[in-house]
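For reference, chains read A, B, C and D in written order, and residue numbers begin at 1 within each chain.
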Amino acid sequence: MKTPEEIFEILKAAFGDAIIELNTKSPFEKVIIADPLKVKDISLFLRDNEALDFDSLVVLSGVDDANGEKVEEEDGYKSIKGGTLSIFYHLESIALKHKLTLKVSVPRENGEAESVESVWRSADWQEREVFDLLGIKFLNHPDLRRILMPEDWEAGHPLRKDYRNPEFYQGMKVPY
Amino acid sequence: MALKTEEMVLNMGPQHPSTHGVLRLQVELDGELVIGVRPYVGYLHRCFEKHAEAMTYPQVIPYVDRLDYLTAMNNELSYVNACEKLMGIEVPERVQYIRVIMAELNRIASHLIALGTYGLDIGAFTPFLYCFIDRERILSLFEMTCGARMLYNYIWIGGLSHDLHPDFVRLTREFTQQFRPHIVSLNNLLSYNKIFIERTANVGVLPLDVAVNYGITGPMLRASGMEWDLRKNEPYAVYDRFDFDIPVGKGTVGTVGDCWDRYFVRVLEMEQSVNIIEQALNQLPEGDVFSAIPKRVKPPEGTIYARTENPKGELGFFIVSNGSVNPYRVKVRPPSFINLAVIDAISKGCLVADLIAILGSIDIVLGEVDR
Amino acid sequence: MIFDTLSSFLGNEIIAGIIVACLPLFLVILPYAIAAVLAERKVSAYMQDRIGPNRTGFHGVLQPVADVVKLMLKEDIVASNVDKPLFNIAPLLVFTGSYAAFAAIPFTSIFIGTKLDLGLIYILAVSSFVVAGILMGGWSSNNKYSLIGAMRSAAQIISYEIPTFLVVVTIIIITGTTNLTVLSDYQTSYFWNWMILGGPSLGVVKFLLIPFMIVGFVIIYISTLAEVNRVPFDIPEAESELVAGFHTEYSGMKFAMFFLAEYANMFAVSALIATVFFGGYQSPFGYLGNLMGIKWLIPLEQLFWFSVKGLFFVFVQMWLRWTLPRLRVDQLMTVCWKYLIPFAFVNLLIVGLLVVL
Amino acid sequence: MKQYFLDTWSSIWTVLVGMKITFKHLFTPSVTIQYPEVKVELPERARHRLYVNMDDCIGCDQCARACPVSCITIDTVKSVAGEDLGKTSNGKKKVLWVTKFDIDFAKCCCCQLCVFPCPTECIKMTPVYEFSEYERENLIYSFSTLTPAEVAEKKKNFEKAEAEKAAAKAAAAAAPKPAPAAKPAPAVSKPKEENPNT
């Protein structure tokens, strides 16, 4: 059983700059923010270190931070330029009964994070889902395709806050 | 000279009797042997997460019902649990007890469907209808309480939409008493049937380490031999006040973690649920169920991940609140979705008929897989 | 006998032959199939605490008629890329196989298509004709499910011929005949003379035979169940895996042919078992006609007892269907080769020894 | 070898046990309800079709806002002074003409969220569940009691009153210190139920 602060210290010692900060803004959980391009190594460390032993990835969720600049387009639609998208990893150690929330932020345009699919297989479909709905690319994911939306969906990634419905999909009017 | 052979690709679904909805499995076959399975999901995608961003917190509840429509009460309990933690609401005891009773009744209903349709997958049609007879009685209890049979919108943030019907306690007791013999009869008809055992034992064995790595939860994880139940491990509502066991797979007729274990864990869980319901009915306190319902649901800023034990596994809600009346982001951790991902790993080298047995034992609901 | 009467009445053997050939169809198979379809639905309904069809006519008695009308009015869909000649001929072949079996089934002492000396073997031989039709249908459908179903079916029917035949040989050893009429007459009209109770010969051998006869009966019942593709051996159709197996692509009357053939086959094998083990058309308690001295009553009684026995076994087939899950294809073979055939062989040997003694 | 015979025996035995159970069910009464002839008695809390008692509706729009699927559309027009709209059954005074109160039952998910915020308890769930239609448009139920002619009239009245109010305001703004008695409202008052169509 380890508190997030202790885990943060361990990680900070092992990875240095790749661990950015311990965010305590939310009163319900403390979030360790990490580098999206080092997250696989961190995950491996978290899983294999005997003192941590995070053997299961409970949930992997993507969030659109929508902290970029709001740009109004010609037709009055507000799109967002810049800013970040975030991925939350909720980890749990079944044996040691402690939990951890890891967060990485990637840039909104062409954001890339490392895939943790090889560390926890449960990340496979969840990363595909995040890719599908938010458009974050996962490097070294074996099978990064759309999962929930149709494979030929061209209108972008629906869970982004500035997503807009296409007018037509395969010749069908979308709001029927 | 060796004869040139090639694998056959069989598309099972989206319209197929045993895919439990609109799931497509692209199966690679060598004769009848399964070489690989590639599930395609998303045919039932209804944008729950996007919808939830446009709703107020209480308005999300009817949508939550429709995730896993067979266990709507449990879904509500899970979502409401997350919202209450986010807002810091103390819920009256009577409400908690009623929630537990409803959730357990719904767990029985869900398991009845899982077992019945599993029989159907294996080829026995009759147990399915016997299960449905009992399920109908549970649904009638729900209808009496909240007016709906499937999608209840019953558990609200801070309370319930209705208090119990005056006859509810009596009828539920009657039900639990009559239900126990039905479990025995189901066991005799299906669980202990030699053909059924032959079909399910040693089929689709899911070792514990694979299960944990794949994030498997619920009856599937327990069938692989781990005593893991959020009702015991992380009690929510008032589950810590009841005395019940966590059934785990023991490999009685085959290997630990095979299809029969997954099936039988559900049977045993129904018995435990009946136990919980009876205890809860005995302890049910009086009180007002509406007192803690907030006038305006406007939680403070923050993120929370709260989870409960659904009949299918661990259902969690990751809610990002930005302090407004609408949730900024609601992410579901759907147990069926994550459990389904394991199918390729455990069905390699089995026969087509086994693939159906394995899929049935995972017990998916496509409403939850696709959201 | 009917043939002789008719040919002398009409003066033309060919017409008489056709009429006689049609008789089982119109007298037995169609009414039986209609009743059996309704019975299947009603039996399943009552076993599952339902009511079953009850909108068409009194308690739904007209439901099969409605089914038939629906099937006849249905568009006969032939999918593109099917092998048309084979696709069209397959249902006919399947039906022919099961229909031909009726030629040798002794419904009463006077009503039998032909008193073949090889009746027993003829029925077994001709009913496995079905497999060719199924294989053709499955192959020509150009559907993967149909193909798998047909392959399974072929393997299954051919394998289960063996235990069936071994048990039949056991009976032949005792009775020394394969003529079904002779076999029926051999088990004279009291139930203690039935083959299942050791046959009519008195003495210790009769009692020694009883357990082996029961084992033989169980084996032949199980294997004929597999031959007609009923649960728990319905893996060629296996609706939860293969949608509808070999007849996935069939609709309308062609589907009805498969359906009719299945029910006709069910009755054929039940009738065979009734004839071999349960005295055929013989009454279990002697004849009312003999008692009252009304000779023409006897054939009617025989028909009644034969139908009762045959339909009882059909009912048991339905009963099993609505009780049991389905076996897997490899287990199906295991049951046949590792259980039924050894048991049947041992049974055959012991019965042979007993008879020699 | 022993296992072989045990397996054989257990197969036969469990099949017989199963057959016994199904045979017993052959004689248990069926649970089927013959639907169109026999109908289940619904509990009093059953929630199916919505019903709106327009006499009590004050047009507050709370139900429409509570609806998660936006199946309720409400349009209101303010009444002008002097028009008497009556009171609701729990004594609230009505001030809005509800010109449109449409519920699209094709969308309604029977969640009952609209029922609870209603201050006058005029919208409620009823146990009527047989209301299927051939056309989707027929599922849009219009509860408003006003005819289109009346709606137009109310709108005109309101606009007129608004215009007069604006005029009065303008006049008040123009005049440095006007007498407050310049209210034009009573001028437009006329008998409400005078409908030329009826």
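Convention: a contact is a pair of C-beta atoms (placed from the backbone, for glycine too) under 8 Å apart; a residue touches a chain by one contact, two chains touch by 3 or more.
All of these numbers come straight from a predicted model, not from anything done at the bench.
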item: Farthest chain relative to chain B (centres taken as mean CA coordinates); value: C
item: Innermost chain, where centres are averages of C-alpha coordinates; value: B
item: Centre-of-Cα separation between chain C and chain B, whole angstrom; value: 44
item: Distance between chain centroids, defined by C-alpha means - chain B, chain D (Å); value: 33
item: Whole-Å gap between the CA centroids of chain C and chain D; value: 61
item: Centre distance in Å when chain A and chain D are each reduced to the mean of their C-alpha atoms; value: 42
item: Where chain D touches two or more other chains at once, by residue number; value: 15, 18, 21-22, 25, 31
item: Chain B, residues touching no fewer than two other chains; value: 126, 130, 133, 189-190, 193, 195
item: Where chain A touches two or more other chains, by residue; value: none
item: Which chain pairs touch, all of them; value: A-B, B-C, B-D, C-D
item: Interfacial residue positions of chain B with respect to chain A in the complex; value: 41-42, 45, 47, 49-50, 85-86, 210, 212-216, 226, 228, 233, 300-305, 307, 314, 316, 318, 320, 328-329, 331, 333, 337-338, 340-342, 345, 370-371
item: Chain B-facing residues of chain C, complex; value: 44, 47-50, 144-145, 148, 231-232, 234-235, 238-243, 322-331
item: Complex contact set, residues of chain D against chain C; value: 8, 12, 15, 18-19, 21-23, 25-32, 34
item: Chain D to chain B touching residues, read off their complex; value: 7, 10-11, 13-15, 17-18, 21-22, 25, 31, 42-43, 45-47, 66-69, 109-113, 116, 125
item: Sites on chain C touched by chain D in the complex; value: 43, 45-51, 54, 218, 319-320, 322-324, 339, 343
